[in-house]
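Sharing a structure below in structure tokens format, with a few things to ask.
Chain naming follows the written order as A, B, C and D, and within any one chain the residues start at number 1.
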Amino acid sequence: MTERPLIISCPLPRTLPLLFAPDLLRDLFDRYDVVETTDEGLPALPAETLAEARYIIGQPPLSEDLLARMTSLRCIFNVESNLLPNMPYEDAFRRGIHVVTTGGVFAEPVAEIGLGFALSLARNIHGADADFRAGRERWGGEGNQAARLLTGSTIGILGMGALGQAVARLLPGFRPRLLAHDPWQAPSVTRGFGAEPVDLDTLLSSCSTLFVTAAVTSENQGFLGAEAFARMPRGASFILLSRAGVVDFDALMEAVRSGHIQAASDVFPDEPLPADHPARELPGFLLSAHRAGALDSAFKHMGEMVMEDLDLLDRGLPPQVCKRAERETVARFRSRPVAVN
Amino acid sequence: MTERPLIISCPLPRTLPLLFAPDLLRDLFDRYDVVETTDEGLPALPAETLAEARYIIGQPPLSEDLLARMTSLRCIFNVESNLLPNMPYEDAFRRGIHVVTTGGVFAEPVAEIGLGFALSLARNIHGADADFRAGRERWGGEGNQAARLLTGSTIGILGMGALGQAVARLLPGFRPRLLAHDPWQAPSVTRGFGAEPVDLDTLLSSCSTLFVTAAVTSENQGFLGAEAFARMPRGASFILLSRAGVVDFDALMEAVRSGHIQAASDVFPDEPLPADHPARELPGFLLSAHRAGALDSAFKHMGEMVMEDLDLLDRGLPPQVCKRAERETVARFRSRPVAVN
Amino acid sequence: MTERPLIISCPLPRTLPLLFAPDLLRDLFDRYDVVETTDEGLPALPAETLAEARYIIGQPPLSEDLLARMTSLRCIFNVESNLLPNMPYEDAFRRGIHVVTTGGVFAEPVAEIGLGFALSLARNIHGADADFRAGRERWGGEGNQAARLLTGSTIGILGMGALGQAVARLLPGFRPRLLAHDPWQAPSVTRGFGAEPVDLDTLLSSCSTLFVTAAVTSENQGFLGAEAFARMPRGASFILLSRAGVVDFDALMEAVRSGHIQAASDVFPDEPLPADHPARELPGFLLSAHRAGALDSAFKHMGEMVMEDLDLLDRGLPPQVCKRAERETVARFRSRPVAVN
Amino acid sequence: MTERPLIISCPLPRTLPLLFAPDLLRDLFDRYDVVETTDEGLPALPAETLAEARYIIGQPPLSEDLLARMTSLRCIFNVESNLLPNMPYEDAFRRGIHVVTTGGVFAEPVAEIGLGFALSLARNIHGADADFRAGRERWGGEGNQAARLLTGSTIGILGMGALGQAVARLLPGFRPRLLAHDPWQAPSVTRGFGAEPVDLDTLLSSCSTLFVTAAVTSENQGFLGAEAFARMPRGASFILLSRAGVVDFDALMEAVRSGHIQAASDVFPDEPLPADHPARELPGFLLSAHRAGALDSAFKHMGEMVMEDLDLLDRGLPPQVCKRAERETVARFRSRPVAVN
């Protein structure tokens, strides 16, 4: 006998307390009728509950029939944030049901660590600390043979989605020449973030620091290989922040091993990486174990996004904060979902 | 029989080729009559040469008598950049001879590595790389227990000279609350760099990241001790970029050892640091062997500054690019000069 | 026997040469099969042409039946830019046909003149010029009794769509406290433009300069009346840039006549305004005859936007540059279309 | 029997209440022993008072003898802000007495009205308002024949002192190509304000909007004449914000009359300007009666600057907020002082 909108919640591997800070969680339960279930339990909910549900928090598999029975549904909040081929998106779009993701929360933490990687490579911060601890540090200019500044340099961003944009926002203090490449984005949008849109070859051959933020799609798997690395200027830094799937990882390691470029990577072809993987011993390759985004503050940020969009949707407005899946691209993403947060 | 202005050059430990890129060095010799000597050789130069010299590049010891004989002198370019008590500054100022330093070139490289230190501490970039190589990395959120963002945090700068200003210029992308303390600077000047001027206690107790850029003066030696570190919020980062002389180094190490704060330092009480110094084994203390400023590009930048100010001085204008020594403060600095570049 | 995508063009009152600079117009005809018609002529086009048409440039009335026959349609570019109730939007959305507008081109020109209005009111630039010509100028501080700075002041924006955002982008140099109100927008989006989201009362009572950029909707007609103006601080500037329909115009004139506020307006309840309308003689009311957006460069900008989105659509991607109509809001807009450019 | 530092105050035409807001004025009298006098009265003050005076607020004529008797003097705050040849500056500098001016307070108000002039000229804001009142307004695009945007345009600043810098600070929102010329300033300093240093010819021939902020010196009187205006692009805006003495005013009027350029001016060869001066009837010439800087808030800002520097000087530090006169340039300025505020 409630008039509060009904939410079906099945966010695993996330959980509501991971997503919502205590105050916000209280708000959520105050304002909404929240039915907590699991991907498996959802189809078995009473027909009435399904028919009344306005929102889903989660990314459960939905059959055509199941979606059809959810006659009040307005928005599915995919809080895992990878779009899986597990529901009839076309049906949802036809009915005007929004499907949105909260992956934008990772943009700031990943961009920050990405800039940290870039500065560590440019100045060998991590290597100099290790040397110092081993008693083999070199003092002053002696330790700066390969050091260079980001200030005034040419910096590239491959992929100008939320993450590429977050990287761009951190850089103005360095007054760089900022280049970007993203075939899925209009040039004027790229320019709006202060970056000059260029083709891939120009990007690769011009930048002394290159941030790779492109999502894996059906079209770009492994598209950065030996040729791409060869095109980069000697001594340049290749910083991989999105998914290992966009590079030929062996070729990347070889380009670093040969001394042509340096690299940093937060992602790997296999995670966890085998104990005997050669990347673990490769000088000039800064290693991070898929830690770039997974901060507690990022997960809490997801809940804030969801709450803001719920408020808009409740008032008959479209969601604005979470990212909407699009008919044209929903089937093209190839990132694998996470199993742990 | 030249009409080119005469420069006496004795820049050791710098050298003209270190300071001037080849093109600029050619310009220097084209436009000026350059007499190359040493600190020791200078007093023995012909009286006529001394009387004609318009500029000195270097920081030679000058007696009152020697300065008095340099009747055409307009500017002394101290390219070592620490002001030593080795010349009668008051006489120079009385005669309107400028004494200027080029230490500003270190501001950008030091600020960049300082931000790199801050990001490495906030995300344990260096530690995670070492762990990964040792096969003990932790994946995803597991490895982020103490991780935090700079974005939106409270960041402090202690000392708003050229270096503090350069740090401030790198930060806007993080949209921080920026606080600063500098008793030698007017509050409105600090505000002009986007920082809120606060007292030392407020600075210490408010900031999760603190950049220390204050020069050592006769008044502030060792002024940051156990009490200061205790005031900092638990988990905060203390980043020492100027000189070890401003801190009680043992107290700093103890504050890190206890787990209260993290730290990064480019400077040490003794350089090189003894092989058995406990800092070398201290977790949470990021080490850098006085490498922050000593980039070749920084030294070349010195030459560019000198050339710009020579051009202004030649046209009867005051120097603007190098930093002028001031009657009020010239005797108060206590940084030791460098012996190597 | 072409394989070029087919565009049906009926952009009146715009024309293709108004929208596309010569080079771009050539590109358009090179890349596309362009069928030029009129709103009236469109339904009479051959069934085959209708069936093949991928794009419409224009905003023609479309019956359900007519739209149904356009089986290849992907996007309607409404270059007049007001969304009229003249087509079955729901059918279009169901089929995944985008309906987009190019009104964003007016944001920059309107924002610029809006800032010009604000500075003219704050300093009486227009009035002082008129006085000077009439020989009654007052010199120096005498002429500045009511003058005030924007720098450091509290500035408000009512409506944070493309126009409000463009205003916000011009203001950082004034280091204002920037407030905004827009019930259709999520607070975090507003914050992303550097403005603090506040309720309407706070906005009205806090700002010494208020830019009104809100579109007329079914919900906000005439919502700014005598009470709203009374809430504004004495001497504040009310700058109307969107549509006269959002204000009670008589109440606005009275608030200016009484000396409580100043105002500038580019829009009027009747356009052209009757020759004897009292606004024409009202001191403190800066008048502009709906000129804010109608620059030739703005119309040419429309063509650039259309070309960028055509390129994305041709490659199976969603449009990004033009603004998409939304199911939720398409029926709520009440701006009248223009009859002349 | 006081230990408060002694200030001699003779700021006419300013007055202490004009310069210091009530709270600050109270502070001034609390912290200092203030002897109020006039330019004429100063020499007749008791020898002891003269000998004790640490500061002067004002710009009184001082003979060599009088200055010699002021043995404790540290700083002269010239709050009129033009440096007159009425004191032995060389003696002051020799003794390390600072002579500082507070003219920097005018930079923000003048820059703001300057931007207002630029926008009024680019969009004919003032003219359209006059036309509207006269019943001859033109609606929409009809009224925009000569309208143009500042956004993305090439903008020039002639003179990069405090005023030119303040103009530069207002412009980033317009994303201009910003050029500047200032022979008294090092190129790297100009670059630091986001402007590209160019020679005068390039500046004149490249900019569609030109802000003239150069002070009159012994070298540049009337240096902008018919040739300079002819070099400007047709339709460009010439905005004169400093002093009429830098232009050939008749030539400027002729360049406007011919339709080649537009202009705005806040300053005139004779002030007040004769009632029959032809500038009063010149279309395309926006007129302002030397009102750009004389805001009450600007004068109050002077007091704040003086207080900040007094605090530094009291602590044995050099002044930083007011602008110091320089040996090299003090005798070269030719601006006439104001008689009224």
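Criterion: a contact is a pair of C-beta atoms (placed from the backbone, for glycine too) under 8 Å apart; a residue touches a chain by one contact, two chains touch by 3 or more.
Everything numeric here is computed off the predicted structure, so don't read it as measured data.
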Completion exercise
Any chain touching subunit A and subunit C at once appears in the list none
Practice task
Quick one: report the Å distance separating subunit C from subunit D, using the average Cα coordinate of each chain.
Solution key: 38
Handout entry: Computed distance of Cα centres, subunit D from subunit B, in Å
Key = 34
Problem - subunit A and subunit D, separation of their C-alpha mean positions in angstrom - result: 51
Practice task
Send over the residues of subunit D in touch with two or more other chains.
Solution key: none
Exercise for the section: Chain touch graph shape: choose line, ring, star, complete or other and state it. Expected result: ring
Exercise for the section: Would you pull the subunit D residues touching subunit C in the complex into a rising list? Expected result: 108-109, 112-113, 115-117, 119-120, 122-123, 125-126, 128-130, 132-133, 135, 137-141, 143-144, 147-151, 169-174, 271-272, 275, 280-281, 286-291, 294-297, 338, 340-341
Practice task
In the complex, go through subunit D and note every residue touching subunit B.
Solution key: 93-94, 96, 183-189, 304-305, 308-309, 311-312, 315-318, 320-321, 326-329
